[in-house]
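The following pair of complexes shares a single chain, chain A, combined with chain B in the former and chain C in the latter.
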Partner chain A sequence: MNLAEGVQFVSLVILGGLMIFSALGVVLLSNIVYSAFLLALTFISVSGLYILLNAGFVAAAQVLVYVGAVNVLILFGIMLVNKVEVFSEVKNAWVGKAATGAVCAGLFGLIGTMVTSHPWAISTAPAAGDKAIEVIGQHFFSDFLLPFELASILLLVALVGAIVLARREFLPDLVAPQQEALTLPERPRELVAAGVRDED
Partner chain B sequence: MQLEYFLLLAAALFSIGVYGLVTSRNVIRVLMSIELMLNAVNINLMAFSNYLDPGAIKGQVFAVFVITIAAAEAAVGLAIVLSIYRNRDTVDMEQFNLLKW
Partner chain C sequence: MDSANIAAQLNAGIILPEGIVIVTIMTIIITDLIGGRAVTKWLPYVAIAGLLLAVVDLWGQWAATDPIAFLGAFNGDDLSVVFRGIIALSAAVTVPMCIRYIERSGTALAEFLAILLTATLGGMFLSGADELVTVFVSLETLSISSYLLTGYMKRDPRSNEAALKYLLIGAASAAIFLYGMSLLYGLSGGETNLSLIASRIAEDNAEAPIGLIIALVFVIAGIAFKVAAVPFHQWTPDVYEGSPTPVVAFLSVGSKAAGFALAIRLLLTAFPMVSEQWRFVFTALAILSMVLGNVVALAQTSMKRLLAYSSIGQAGFLMIGFIIGTDAGYSSIVFYLFIYLFMNLGAFTCVILFSLRTGTDQISAYSGLYQKDPLLTLSLSLCLLSLGGIPPLAGFFGKIYIFWAGWQSGAYTLVLVGLITSVISIYYYIRVVKMMVVKEPQEMSDEVKAYSDNDWALVGMRPLQVSLILAVTVTALAGVGANPLLQLANSAVAQTPLLQRSVLIRNAEIAVQPGHESTPMANDAVADVAVSSVTID
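Moving on to the complex of A and B:
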């Protein structure tokens, strides 16, 4: 094992451990805000693993999309439904948790056995390396053109659908008769006493 | 030999995601678990792309598509969570029985 392989292995161990422990924190911690920030740590360590796998472009896309967009979206979601809520106890909840843990451990054991016993045909072809972006772009505009265009349509559909779902509900009987141009009909929002100082 | 390490890490991350998906009570934590599982699948795709198909890196193309779908899924999922929270005033998974007989 030469120096480069040693550095790679140490980075793999550090990033993998960071990823596993932060993912455990996401699932097990009781405070949801801590979970969201640990989710960002998980995404960043996954992007480090991508760099170890010679995929700089996807690593950058991972940081941009997951940490920059998805995680911020989840934080906004937490903020919007920020309600301290004590969940009612479910009878025999530990049975479900123990069964799920057993099933997940079994799943991991099954996949692990399959992975370690299967003879993988490791390719010795030269890696794309820094030309990966060009290869990905050629794939996008030749043999993956249809999925690429479909993905853009799907993003548009998701954008419109998210707006429609998250808007305040439209109540027809409450709409004022004079509807201004270029406005969407929606329920008038409640007046919130924001910024009103409590003077005594 | 390194391919197996990446696959085992991905399997562990996927199992953690499944555990969180089934046992969480908070809806937003369920969405986070789904993101964890998607990331595990992405690690698998990238590892196969690097070790089995390093010339024509189709695994990276698939990973970019998965990232796109995950972003759309997160947006729509959070919109659903917001509208269901507005209607039922809770984020407890055990109380969402709208589609249950």
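Moving on to the complex of A and C:
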């Protein structure tokens, strides 16, 4: 094992450990904000793994999409509906947890056996390395042209659907009688006194 | 290189029907943006015209000489043509139902139509997708549009709840399905084309590796979610109850047909090595679906939940044709899906009509309807009796074809379970009919007492009426004049190379050792198929 391989091995161990512990934290911690940040850490360690595999483009995409978009969205979601609620303790909650743990351990054992026992066929195509973006682009415009174009329709309809779900609708029956200046016609809300904000 | 040349190389003419649907979606969105409220009332007719044009074009694609398009990503063989036709037709019958419903709910019609057509588009691509990435993208197009449609009535908490449940369970099942697909990709050494995956795995392994079986289980979980087979059915009753009724009508026919098309193509092409195993798993799913779907339906008080459980049971019947895997089995699926399209959509049209006039879909509210609205009573009775399989309605012929095909190939347990559960299903369908027909005037429900049916002149009621009459006429007469439909189903199966290859293997299995492990002869056939598919590619 030369120096480069040693560095790679050490990074693999660090990244793997980071990934496993942050993923466990996502599931086990009861504070949802910690879970969300640990999820970001998991995504980042996965992207580090991609870099070790010489897949720079996938690593960048992973950070952009998962950390930059998905995780920020989750944090926004938490921020907007952050309602503190005290849940009463469920009796015998450990039964459910133990069952879940057993199922997960079983699945892990099964998939682990499969991964170690199977002689995996390695693709014969030469490694793309730094030319990955070119190779991906060529695939997009040759054999993956159809799914690539279909994805644009998918994105369009997701956009339309998001707007449909998020836009305000004018509700004639809900126009409030106490409507005042600067309130929105469809959602009357309490006006905050001007002085309150300054004290914050 | 000019564009005509590129289109010819990609064989892009094969997806012309989908192209027509895409153009229709764009027309609807842009016309609505520019024209505003003035043009809204024409948009449903644009949608119907586009869908029917796509069906006509599919007719022109029948028995295409070179069905592989987009360098192997899409396969336009006759099996896919038939399924794409069923999905497009189901959307075309759904659109007239939704005009009045959307009008009453006070939501925007244009976006609803655009999302519905995108769901149709996803289903159509899924029926012909021959490659993993295309399978997944088209599956997601169908699923995401379905989630959006389910939650379209955003001021109705039940619709929100249904959408959230559907989204969460759907996302989980999509993740499991994707894991299964990634295993296939890895096992085949980096292939995404379904037939190449099968041949590569067969080359590298003498017998099925354990990874292939795990991939099979994960893939089946994804498919069974789409067709709502027990035990992956938990979302169905809640989603059907909460969503807008036209959406339920589409989900129960179009989405289910797309699921079956995916099941047939994916399992037959990519998993020939474990065909015994998937037949076994699907046998279990079919028996569970038939028993649970039909038995739980007995206890329902809401009409939409009743139809939800009945659709689970119907999926069980359809799976019989798929499990036996003979010529007759596959064509019985196609035939039954055609009939199921009209009888189920007819039943949902009646439910929509009744809930538009009374605002409820409780079964008890239907009592005494015969006195007030004979047309609705007759239509709903015909559709329900046909779903139950009473002769001489279309559903009877569909069921008997499936059971006959099953009996011929020796699937006695499945056919017996099917027969017993369809007797159970007749009970709960007839219960609704009895409720409507034989009640005395004093036992009429309050909703029916306050009932008025002179509203046909209102906006959107005429299309609803047309859709109702069409569905009921086909339901009543398709059984008697079934010959062209049967011929269509038979020739679709006979002209699909994929099905013919697997039918040859299957017939060899049945002839040598019915109901047992695959025989050496069948294994030879598997090897032959693997070799032939390699040489074709």
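In this section, the second predicted complex is superposed on the first by the 158 of 200 C-alpha atoms of A that agree within 3 Å, B and C clash if a C-alpha of one lies under 4 Å from a C-alpha of the other, contacts with A are read in each partner's own complex, and residues count from 1 in each chain.
Heads up, the rule we're going with is that a residue touches a chain if its C-beta (ideal position, glycine included) is under 8 Å from a C-beta of that chain, and two chains touch if they have at least 3 such contacts.
Since this is a predicted model, take the numbers as computed values, not measurements.
Of the two partner chains, both chain B and chain C are touched by A:125. By the touch criterion defined above, A:14 lies against neither chain B nor chain C after alignment on the C-alpha atoms of chain A.
In the superposition on chain A, contact is made by A:87 with chain B only, not with chain C.
Once the two complexes are overlaid on the shared chain, A:151 sits against chain B and chain C alike. When the shared chain is aligned, chain C comes close enough to touch A:160, but chain B does not.
Within the superposed three-chain model, A:102 lies out of touch with both chain B and chain C [touch as defined at top].
In the superposition on chain A, A:72 contacts neither chain B nor chain C. Of the two partner chains placed by superposition, only chain C is touched by A:113; chain B is not. Of the two partner chains, chain C is the only one that A:142 touches; chain B does not reach it. When chain B and chain C are set side by side, the one touching more residues of chain A is B.
In the superposition on the C-alpha atoms of chain A, the part of chain A touched by chain B in one complex and by chain C in the other spans residues 111, 115, 120-123, 125, 144, 147, 151, 154, 157-158, 161, 165, 169. Chain C makes touch with chain A in their complex at residues 10, 15, 22, 25, 29, 69-74, 106-108, 111, 114-115, 118, 121-122, 125, 131, 133-134, 136-138, 140-141, 144-145, 148, 151-152, 154-155, 186-190, 200, 204, 209-211, 214. Residues 8-9, 12, 16, 19-20, 23-24, 26-27, 32, 35-36, 39, 42-43, 46, 49-50, 53-55, 57-58, 61-62, 65-66, 69-70, 73-74, 76-78, 80-81, 83, 85, 87-88, 90, 96-97, 100-101, 103-105, 107-108, 111-112, 115-116, 120-123, 125-128, 132, 135-136, 139-140, 144, 147, 151, 154-155, 157-159, 161-163, 165-166, 169 of chain A touch chain B in their complex. Of all the residues in chain B, the ones that touch chain A in their complex are 2-9, 11-20, 22-26, 28-29, 31-33, 35-36, 39, 42-43, 46-47, 49-58, 60-61, 63-65, 67-76, 78-83, 85-86, 90-92, 94. By the touch rule above, chain A contacts chain C in their complex via residues 110-111, 113-115, 117-125, 142-147, 150-151, 153-154, 156-158, 160-161, 164-165, 169.
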